[in-house]
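Paired with chain B in one complex and with chain C in the other, chain A is shared by the two complexes that follow.
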Partner chain A sequence: MPDALLIARGVEAGYGSRQVLFGVDFDINEGEAVALLGANGSGKSTLLNALSGFVRPRRGSIRLDGMELAGLPPHRTFRRGIVQVSQARDLFPEMSVDENLRLGAWTKRGDAARLRDRVYASFPRLFERRGQMVRLMSGGEQQMVAIGRALMSEPRVLLLDEPSGGLAPAFVSEIAAIVAALKRQRVTMVMVEQNLRLALSVADRILVLRDGAVAEQRGGNADEEEIVRQIYL
Partner chain B sequence: MSRRLFWLLPLALLPVPLLLNPYQQYVLNTALLYVPVGIGFNLVVGNLGLLAFSNVAYFGLGAYTSGVMMVQLGMPWWLTVIPAALVGGIGGAIASIPALRGVRLFYLAIMTLAFGELMRWTYIRWEALTGGSMGMAVPTATLFGWALDTDRRRFYAFLALVVLLVAITDRLLRSRFGRAFLAIKDNEIAAAAMGIPTDRYIVLAFAWGGAVVGVGGAMFAISVGHLTPVSFDLTELIRQFAIIMVGGLASLTGAIIGAVIVTVAPQVFISFPGFDELVFGLLIVLVILFLPRGLASLLARVHPAFVERYYRG
Partner chain C sequence: MLALLPQLVVSGTSTGMLYALIALSMTVVYRATTVVNFGHGDMVAAGAYAVFVFGLGFGLPFLVAMALAIALLFAAGFAAQRMLLQPIVAGPHLSLAMMALAIGYTLRGALRLQWGNETINPSRPYPQDVYLFGNVVVTTDDAVICGSVLLLLAALFLLLQVTPLGKVIQATFQSQRGAALVGINVPLFHALMWGGGAALGALGGVMLSLITPLTPDLGQWTLVQGFAAMTLGGFGSLGGAVAGGILLGITEKLLGFYVNTVFIEITGYLVPILVLMLRPQGLFGRRAVVRV
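The block that comes next holds the complex of A and B.
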């Protein structure tokens, strides 16, 4: 079997004097969708931030295609292909949908038009609102812009931090459909998601984090109740 | 501003000196030299969205670089313009250091303000070069051997420089750089998350802003003919800040309008001592209250030719 696409070994990270991750290990294969589950404070978001460079790991290694990423600033990990769609969504609120998407292709000079057409093809709703200022859109639409913008750079690994967090139920199913479509296109994904049903419906594999380390790994067809027990008990 | 308008304006200004008396010509020259001062300030505060108040530092650095090179090295003025830009630009790059370390908002404002005051202290202390608080006389400027000994002559040199600086800055803001500035202003973390090396663009905006203001300083040196540290104090900073607030943040047209209003308005009321400051203060308050995006936004409403949206370019 070839080496995994993204390999983490002994990753430790935290904020100030508070350590959150205590040696995280995992492998993620190309085209795989992995759900990262765990109770509040187990380190899920910190792990995503460590992968994308927004939190600098104190120890350990994160390799993408064999190249070390640990310690690189976010704009460099982005160039290597690790793209995060964060909980705060991190959009450009004063810019239109179109301008947000174009900035998503910052590192893909000259390719922006083609990539944008592709994003609009998979998100017709964004095409309809392409001239609208993002600040004026609903939470669900903003989440779509954030995912669309992340796809503009043709990421090697897409990190989704609670894609359904804080959204109205109608949007949760829409986002679930988008994530499912990404999976069909074999986009490699690491997803943190509170909505277990959504997470289990797309994940090939589940990593359960507890106290800042991977406590459990299993296939995506796991029983929901058992997972809940794994996470909280 | 639309391209055509941009080139028409300086052309329309060419015959204006024939209509002005020497005093009015001096005021117009002052307005002209404040255009780059406003543009540079606006680049950092308006386009990049960082509250850096070291603009007077670059202004003074440009002015003293030009003056000192003319006095100490006997160089003609036109040869000192590029060094003035360089020194102003280096000043800008230095002033960006706290911003690169993550200092923002009023913390950044205070630290950059301190830089401006430190420079003023330097002009006072470094008497051998600057003449200290007594100041230094700046010799008559020459341009390729042609003496810029009247305000009318200086006007044409200033106009050419200002057109050049506006054109280059306009190009910069329309390019990828301008889009990066806007992205950083709108959401710095998101900009970094899109692969934009934000540090590099912050230094660039400060340095280019400082360079443009430095040229304004070189113009100031020969326009007033005498440099004293008191010209670069906090009152001067407030005047320069008023230029971009009255004219309009993140707008080239705004910097031009602001430079003209802030220079000319006090002159109109100069025969009523004390009244000029009152009117000037009132003007600033009214613009901020009713036109938070400055007088340039009023023009943009009047005619679409004045609309500036660089990141669409």
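The block that comes next holds the complex of A and C.
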């Protein structure tokens, strides 16, 4: 069996004197969709931030295609292909949809137009609103822009932090459809998601984090009730 | 009395262009790092002294001396951010402001060490002529300052609005985390903006040296005017900084002539007080609402 695309071993990380991750291990294969589940404070977002370079791991190794990423700043993990869609979306609010998307591929100048056409084909609603300033859009539309912007760089691994967080139910199902489409396109994904139904519907595998370490790994067809028990009990 | 109004507006605009340039350079640093560079006035003063040293000290032509002064201050701003601010960037915001102040005082101290309280009157690199437009007198200084600042503003506008680099700069101004998420090296960006801000400030210093005697305390006065223009235009607004600077220049001339000459000195102090009390977001800033 070939080596996994993304391999984490003994990752420890935290903020100041507070340690959040206590030795996280996992493997993620190319084209796999993995959901990171866990109670509040279990370290899900910290783990995503450690993968993308926003939090510097204190110990451990994160390897993408055999290349060490632990300790690299965000702009360098991005160039290696780890691209995050953050919980707050962190878009450029005074810019149009089109400008936000173009900036997602500013490191690949020649390819930007082709990539943008591909994103618009996947998100027709963004094409309709391509000239609209992002701060004037709804939360669900902004989330689409954030995912589209991340896809503009053709990520090796897409990190999604609560893609359905704070959205109206109509948008949750729309975002679920988008994530499912990404899975069909074999985009490698690591997703933190509070909405268990959404997470279970798209994940090939589930990692349950508890007290800053992986407590359980399951296949994506796991029983929802059992997972809830794993997370909270 | 009213016959002099156009003249006062022209003179005020010329001074205001200088304030605009200084406020703009402060705004660039503020937008990039959210730090008000309290040492910025001294960087402007250092730019004024640098052109004097390169010009008179080394005998270089004025334009070469100016280019070197701007390059030197760019390097100084870049290095200050990299070596002194970046290491403490994760600390409290106040520490960054204090460090900026300390950098300014160090520059001022260095100027004092060399020139003490000596006042220097650099000579202009062009003959001082006057041009009459009806009853309005425009000096060569006015034309040089307004022309240079307008050219610079046009270049900056094109850079920000038209070029891909400008889009990257604007994006990082709007969301630093968002910028990092699309692969922008934000710490390097901070250093470049500190360098860019210092270089713009140095150009302001060069212009200032055409019309004002140099003393090591020049930076203090410069900071007050720049801060007042920023506040008037709206903190963080690039266009606001320019408009605020021009308005400040005109206002101090009008108040100085029609009310009392003392206003020429104190308008820069009064403006931030009045603006913060009456319209804290300034003319072009957006109102910030904090829920408690």
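Everything below uses one rule, namely that the second predicted complex is superposed on the first by the 233 of 233 C-alpha atoms of A that agree within 3 Å, B and C clash if a C-alpha of one lies under 4 Å from a C-alpha of the other, contacts with A are read in each partner's own complex, and residues count from 1 in each chain.
By our rule, a contact is a pair of C-beta atoms (placed from the backbone, for glycine too) under 8 Å apart; a residue touches a chain by one contact, two chains touch by 3 or more.
Quantities reported herein were computed from a predicted structural model and do not represent experimental measurements.
Superposition note: with chain A as the common reference, chain B and chain C are in steric clash. When the two structures are aligned on the shared chain, A:Arg114 is found in touch with neither chain B nor chain C.
Of the two partner chains, chain B and chain C are each touched by A:Ser153. In the superposed pair of complexes, A:Ser86 makes contact with chain B and with chain C alike. In the superposition on chain A, A:Glu99 contacts both chain B and chain C.
Touch criterion met: A:Pro74 reaches chain B and chain C at once. Overlap of the chain B and chain C interfaces on chain A comprises residues 52, 54, 73-75, 78-79, 83-84, 86, 90-95, 99, 102-104, 106-107, 149, 153. Interface of chain B with chain A (complex): residues 179-180, 182-183, 186-187, 189-198, 311-312.
Across the complex, chain A meets chain B through its residues 52, 54, 73-75, 78-79, 83-84, 86, 90-95, 99, 102-104, 106-107, 149, 153. Note for the complex: chain A touches chain C at residues 52, 54, 73-75, 78-79, 83-86, 88, 90-95, 99, 102-104, 106-107, 109, 149-150, 153. Residues of chain C that touch chain A in their complex: 164, 167-168, 170-171, 174-175, 177-178, 180-187.
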